Each structure stands twice: as structure tokens, then as C-alpha cells.
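I have placed the structure first, in the form of C-alpha cells, so that the comments after it can refer back to it.
Which chain is which? They are A, B, C and D, in the order written, and residues in each are numbered from 1.
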Amino acid sequence: MESFKNLKETCYAANMELPKLDLVVYTFGNVSVVDRKQGVFAIKPSGVPYETLRPADIVIVDFDSQVVEGSLRPSSDTKTHAFLYRHWEHIGGICHTHSTYSVAWAQSQQDIPVFGTTHADHMTQDIPCAPPMADHLIAGDYEHNTGQQILDCFHTKGLSYQEMEMVLIGNHGPFTWGKDAEKAVYNSRVLEEIAKMAYLTRQINPNAPRLKDALIQKHYERKHGSGAYYGQGC
Amino acid sequence: MESFKNLKETCYAANMELPKLDLVVYTFGNVSVVDRKQGVFAIKPSGVPYETLRPADIVIVDFDSQVVEGSLRPSSDTKTHAFLYRHWEHIGGICHTHSTYSVAWAQSQQDIPVFGTTHADHMTQDIPCAPPMADHLIAGDYEHNTGQQILDCFHTKGLSYQEMEMVLIGNHGPFTWGKDAEKAVYNSRVLEEIAKMAYLTRQINPNAPRLKDALIQKHYERKHGSGAYYGQGC
Amino acid sequence: MESFKNLKETCYAANMELPKLDLVVYTFGNVSVVDRKQGVFAIKPSGVPYETLRPADIVIVDFDSQVVEGSLRPSSDTKTHAFLYRHWEHIGGICHTHSTYSVAWAQSQQDIPVFGTTHADHMTQDIPCAPPMADHLIAGDYEHNTGQQILDCFHTKGLSYQEMEMVLIGNHGPFTWGKDAEKAVYNSRVLEEIAKMAYLTRQINPNAPRLKDALIQKHYERKHGSGAYYGQGC
Amino acid sequence: MESFKNLKETCYAANMELPKLDLVVYTFGNVSVVDRKQGVFAIKPSGVPYETLRPADIVIVDFDSQVVEGSLRPSSDTKTHAFLYRHWEHIGGICHTHSTYSVAWAQSQQDIPVFGTTHADHMTQDIPCAPPMADHLIAGDYEHNTGQQILDCFHTKGLSYQEMEMVLIGNHGPFTWGKDAEKAVYNSRVLEEIAKMAYLTRQINPNAPRLKDALIQKHYERKHGSGAYYGQGC
């Protein structure tokens, strides 16, 4: 039982960032963190408010979404997390919220255009909005199919999950991921800021152009390219 | 006098949530909680700021809005609360605020369309906006008639108060309710968030479609249906 | 020197409410409070940040805006305050801010329409926006003329300063007043909330109608009429 | 090594204002402060979060952007700061953020019109938005060229850096400056407020006129002119 203690604490800490960053109200969100050696991931229990959440409440499940340890039911979105961990071997954490501006874009069923360098500092493409699923998929294994929906969206648009670490599920909200849970949460916060900036930009100038290619490449490269000089290189 | 001590404290605690959740400024709101066995409900006194409100200030009134205990005048909206408790036997608490985005939709005299799963996680219908009352009803027993206005709106639209636990009063603001005062307050906070998301959605995409029926049903069922798997089932 | 101690402390306390209520950044605002028996009023010194303001910094000036006590220069808006105290004998405090939504309406040179009961709970008319002054008045005794501009606006629109306790100066921002400094600050906070609600209402429904007369009268009367039943009657 | 202790602490304190003023999330911003006698400036290290930043982390660089003292890599925007210090001899501090409303205007590629006295209290001109750079300049010495872009923008528009202490870089975000780091940060906060007010003004009234010249001059002169009577004259 002690073997998952660190995993639970990491998962707990990442979940507790969400209310601090104003990304959730009540129980509207969840973060998971994977341990690939043991073939499990830790995830928030379903419907438990952040104010009362404790590290011991975190649920350990395997990649088939079966509970390995924990007395509570895992997040209702667990199968979507499991699907992504199975298919994307380089991600270490996943975050899902209903943050306000990200949801507004998802409900608008529109990609978020790359309007500026705040966006380009993190990725070179528009943030994709996956279209709503067909009715038989919704009625079927819904959360599993949500994972498939994300994969299909990335395939159709030719996106790499290692370069684009976020997606909007049409009419639902954002999923983000990263090398660990902390990065997944960071990406949710960044997405919400970019979503708000893009919203305001469109309101001020409905014809605001996408950022020019040279600037997209420059800002992405200085932070993520082989000659990157942003950050401390660690 | 001691018999209502718990009822007052529950009512006090629920009222004090409103400023914490940024749903009120000054005295713009009130929560009540009912004790059906004793045929009374507890409600905030009128015009008392939250900063100075004490549990002993809470007023106990009967279903005819007559004061049973308390030295202060009850909320000016007391008759609306009494009306709803009389007609809807399964509700335990009622909350009224002037929260910003909910009021904006009420002033726009528009229902809030179900644009996404945040909405569908809580109800399957658009959030109704009751039309303004006829002049003779306004000039008459106004707060009583506001209760009637809510009932008429639910009748006209074929809504169930146990499934749709909120309403906008046209040009005024929201009333929400639930099995207890805590749930009523929760519904006010959720309504404000949904109202903001719907506002932003319309600004980004004036032609944003309502959520498709399959998704409405799926999200509502997974949280509230017989096979619900959201939350801890308690 | 001790004679103005209470007046200064009242003025200080009212000024310190402004940053708490998110109505000002840095030095963008000022509150004054009058002592009509002594023929003076207390006002915030010019350009002093709220973080470092002390009660002893408050300046006492007479109705000709001459400093009676205090080592600092009074607010640059002092002559506007003096003008209003001279002409409106029943006001006890005045508040001026550059709060965001109120300024946006002032910069739009539009009255704020009465869209709902939050507005009607406080006044029955649209909140007036005074037009910009003629150039020779701006170049002249500007702050004195700002007072005249307010008076002219109320005269032209047939408004009573005892019923409408707020105004927008076109392209500048709001002035509010009341029986004391606390009420003047309260009115600034209420104005900002009404300004935000009206902004959102127009965005959702550009054709949103003004509140019907019966509701305007009802809400105003229940709070301020001879048979008022809102509040504790004290 | 002790010679730069004060410079580092001043720079640290100014940087720490940014999260307090809600102008940055994570590492999205940087402030520098110059010591012209020693020919160096202090600047935030690149990619270090504000929560963990310490005074000792601040990097000292010369006007050629070479590190003079410090074990961390300086901000990726260091060359832009160096360029401005070299060309504008009267500035003592520079601040760069990605604050939300300022970025939205930058992404809209529009100057912020002077709509009111909040703006005119600080400057008489529209806040300029520098156009995006040519591709070969982006691919070249980008941060150096960003400085040149600012200079060219001021030259083209006939602006003085001592009167207009801020600029928007098209598609990127704001740079502000002043006599010291504290003033530079102050200008970033003021810019964000003006940007939000101007945004709201345009939404309420798409045809809102610029402030008339007489008011622009009056407000600027009473704060900055030879006969200024705003503030305490120190």
C-alpha cells in the first residue's frame, strides 16, 4: 500500500493547483499522473470537492481503468485518461478542467487561432477543437470514445501530441497533458490565458490576422528549438 | 427559543457562502432553509450586510410569511420563498442573488441555451427566463406574485422543479433551490458560471448551436440517471 | 487641531474602502466628508497612494477650497467637491473614482439605461452622463466648472440630487454622493455593478428594453417609499 | 560582488510587483533597472517563476547584454532592454509583461485611442502599436531588432519617449519604461487599465470619439505641466 504513496501525493498536489489557479469551481476538474513502470496512474476521485480532498483519497487505476488501490470511485473521465496514456507513451500527466474561456471556445466549436507570441511561445499551430462525436459513440463507451475523438482530431489535423499539448473537446472543455502532472496543469493555465486573449482580440478586431509564420517559428524556436535560449536549459 | 437554533445556524452558514463565492455585494441576496415538520423556514433579515450578520439575526417565519421568532424584519423577498415552499414540497432551501452574469441574461429577457456539457451535467433544458409580470400583478402582492410567475413559467415550458432547480426572473435576477440550502447556493454558483460561459460563447460565435441531444442525455444520465457513475453515490 | 480629528478619521476610513472594493488603482480616486456646522470638509490629499495614506494626511478645506488644516495639497478635484457641497445642502459625502465599467460608459458618452431591478432598487431614472464641457470652460477654472457641468446636467434632465445620487462626467468618470461618506462610497460600488450589468445586457441583447415603469416604481417604492418594507427601517 | 546588491534588490522588488498587480502568470514578464554610472543593468533571469525568485538570482549585464555578474541566464528579452537603455538616456527602468488586455490590443494591431481623462492624465497621444517586423529582421538578431522596431515606431509617429512611456509590440505585448523601475511597473499597470477601459468603450459605443483636444491638454497639464497642481510636487 505504501508503494503508491508518492504517486498519490504528486497527484494530490497537482489537483490542488486547480482551485488556486482559478481553473475550477466545486468538483469541475481532475488531474492524473502516471507510473509507467508499475502500469498504473493516480487520479482524483469523482465528485469530491477540493476543500475536503486528501492525498489518501486519490485512486490508483490500471490502463484498463480498473481500480488497483483506493476506496473511492475514480473520476468519471478515467477512461479518457487511460486511453491517452495507452496511446501516447511520452506523457506523464493529464489535466481536465471546465475553465471559463476555454469552455467558451469549445462551445463555439472553433479552433483558437495563433494571434500572438504568447501562443507561439508554447506551440506553432492553432489549438484544435475536436468536433462533437457521432450519436452512437456518445451512447456507447463515451469516455473511451472521447479519447478516440482526441486521437482522430490530432490525426486529421496532422498534429503531434508532443508539440501540441492541449485540445478542446467541442461543447465540453479542455484536456491538456505534458511530461508530468505539473506541466499538464501549467498547460491548462496557459490555455485559459491564451483563450481569453484570443477572445478579446476578436472582439477588438474581428479581422485580426493570424501571427505571421516568421514570428511563429522564431518564438517557438527560442523556447523549444535546438538553439533555445529561453529559460535555464534544465 | 432554542428549538430553531440549528435551523438558524444552517441558514446563517448558507448565507455567508454568498459573499465568499462572489455572488453578492452588500445586501444583494438571501438564502432560506425550511423545517417542514415545524412548518417554518429561516431566512436572512432584510438589508443587513453580510459583514455584520450573526446567526441570532436570522428570522423564523411560517408559510404565510408571518414572523415566528426574531426581532428583525425578514427579507423583502420572503413571500416568494414562502410561495415556493408551499407549492414545491420537495425543496429544502432557496437562494436569491443579483449575481452579475445571471442578471445580465435576466435583463436581456432570454433563456440561457444549453451550449455545453457544464450545463448538461446539471440539467437537460435551457435555463428559463420568466417574462415580466403584468402591471396589476406588480402593483398588487408583488413578492407573492413573483412566486406565481415562477410557477406559471415552469408550467408553460413543461419544466419540473426537481430537474430544473433554477430560474431567471426577467429584468430582476436568479432564484435557485434544492434539497437543502447548501444545494440551493451551489446551484446559484453553477448558474453564474454557466451564464458567463454562455455569454462568451455567443460573443465568439453568434450562431453557436445548442448541444446535441445525445450529449445532453449522456451527461445528465451519467450524473443523475439510474446508472449514474459520477460522484461517490452517496 | 484636535477639533477635526473625527472628521479626518471618517474621511480616511471612507477612502480606504475604495481599494478594498476594487474601485481604484494607485491614486485614482478620492472621498470627502463635510462638517456643515464648521463650514469645512475633509478630503484625500492629492497623489498619495492608499497603501501609505494615514488619517493625519487628510486635508481640511473650506467651501472656497482654501486649506484650513493639513500640510499636504488637497485632491486636484477639490473645487468640484466644494461646488457640490455649496449647491446641494443635503449631501454629507462625495466620492470620485475611475472605476472600470463606469469610466467605459462615461467614455462612451451614454446614459446607463435602467435595465433591471438592481438599478431600480436605487433610483428610477437612467444614470446621467454629462456631456463634455465647452473648450473655454475647460481652459478656465476646470474643476469648478466640472461642478457646474454636473448641476447643468441635472437641471437639463430634471433630476433631483437627492434621488439620483450619481453622475458620469463624459470622457472622465463617476462622481457619487449621499448623506454621508459611507453612502457616497456605497453608491460608487453600486454604480460600478450596475454599469457592468448594463454593459453585459447590451452585449447579449442590443435591443434589450428599459425596465417597464410599473417595476421601476415598485422596486423603488419598496425600498424608499413611504410604505417601504426593505431593510430595518432605521 | 557586493557592489550590485542594492541594484539587485531594487530589480527583485520591482519584478515581484508584477504578480501582485495581476500583470503576469508564471514567468511571463520581466523588469530591469539601470545603473548608468557603472554601465550595467539588473534584469530578471529567464524562465524563473516569481514564487521561487530570490534577489541573488537577478542577473547583472552590460549594455552589450554580456553577463557581468550572476550564475543564471538573463531574460530572453535582454537585448531589447539593452537597446532601449543605449538609445534613451533618461530612462531608469523597463518593464515587459503579457498582461491580458494590453496583449489583446497588440494582437489586434491597433493603437489604443485616447478615449478619456484616465489616459490623458498620463499622456496626450494614442498608445502606439508597433507593426510586426519584416521577416529578415525576425530571423536575424530578433530581440535587438525589437528595440529598433520600437525606436522606428516612435520616430514615424513623432513621439517622445519621455512623454509616451509605453508601447505595444504588434502581436506580442507591451513594453513600458520610466525614470526608475517602480515607474516602469506603474506604467504597465496603468496601461492594462487603460487598455481594458478602451476595450469596453469600443464595445459599448463603436463610434466613441477620441477625447477632445482641450481636455487632453488640460488633464495632462494639471499633472505634468509647469503649473501642475496634481500630487505633492515632489
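Definition applied: contacts are C-beta pairs under 8 Å (C-beta built on N, C-alpha and C of every residue); 3 or more make two chains touch, one makes a residue touch a chain.
Every value quoted in this text rests on a predicted model; they were computed, and no experiment measured them.
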Interface sides of chain B and chain C: same vs different residues, half threshold: different
Approximate Å spacing (C-alpha centroids) for the pair chain B, chain D: 46
Distance from the mean Cα position of chain B to that of chain A, given in whole angstrom: 33
Residues of chain D engaged with two or more neighbouring chains: 203
Overall pattern in which the protein chains touch one another (line/ring/star/complete/other): ring
Pairwise chain contacts under the document criterion: A-B, A-D, B-C, C-D
Sites on chain C touched by chain B in the complex: 115-118, 186, 189-190, 193, 196-198, 200-201, 203-205, 208-209, 211-212, 214-215, 218, 222-223, 229-233
Of chain B, residues touching chain C in the complex: 25-28, 45-48, 72-73, 76, 98, 100-101, 103-110, 132-133, 135, 138-139, 142, 171-173, 199, 202-203
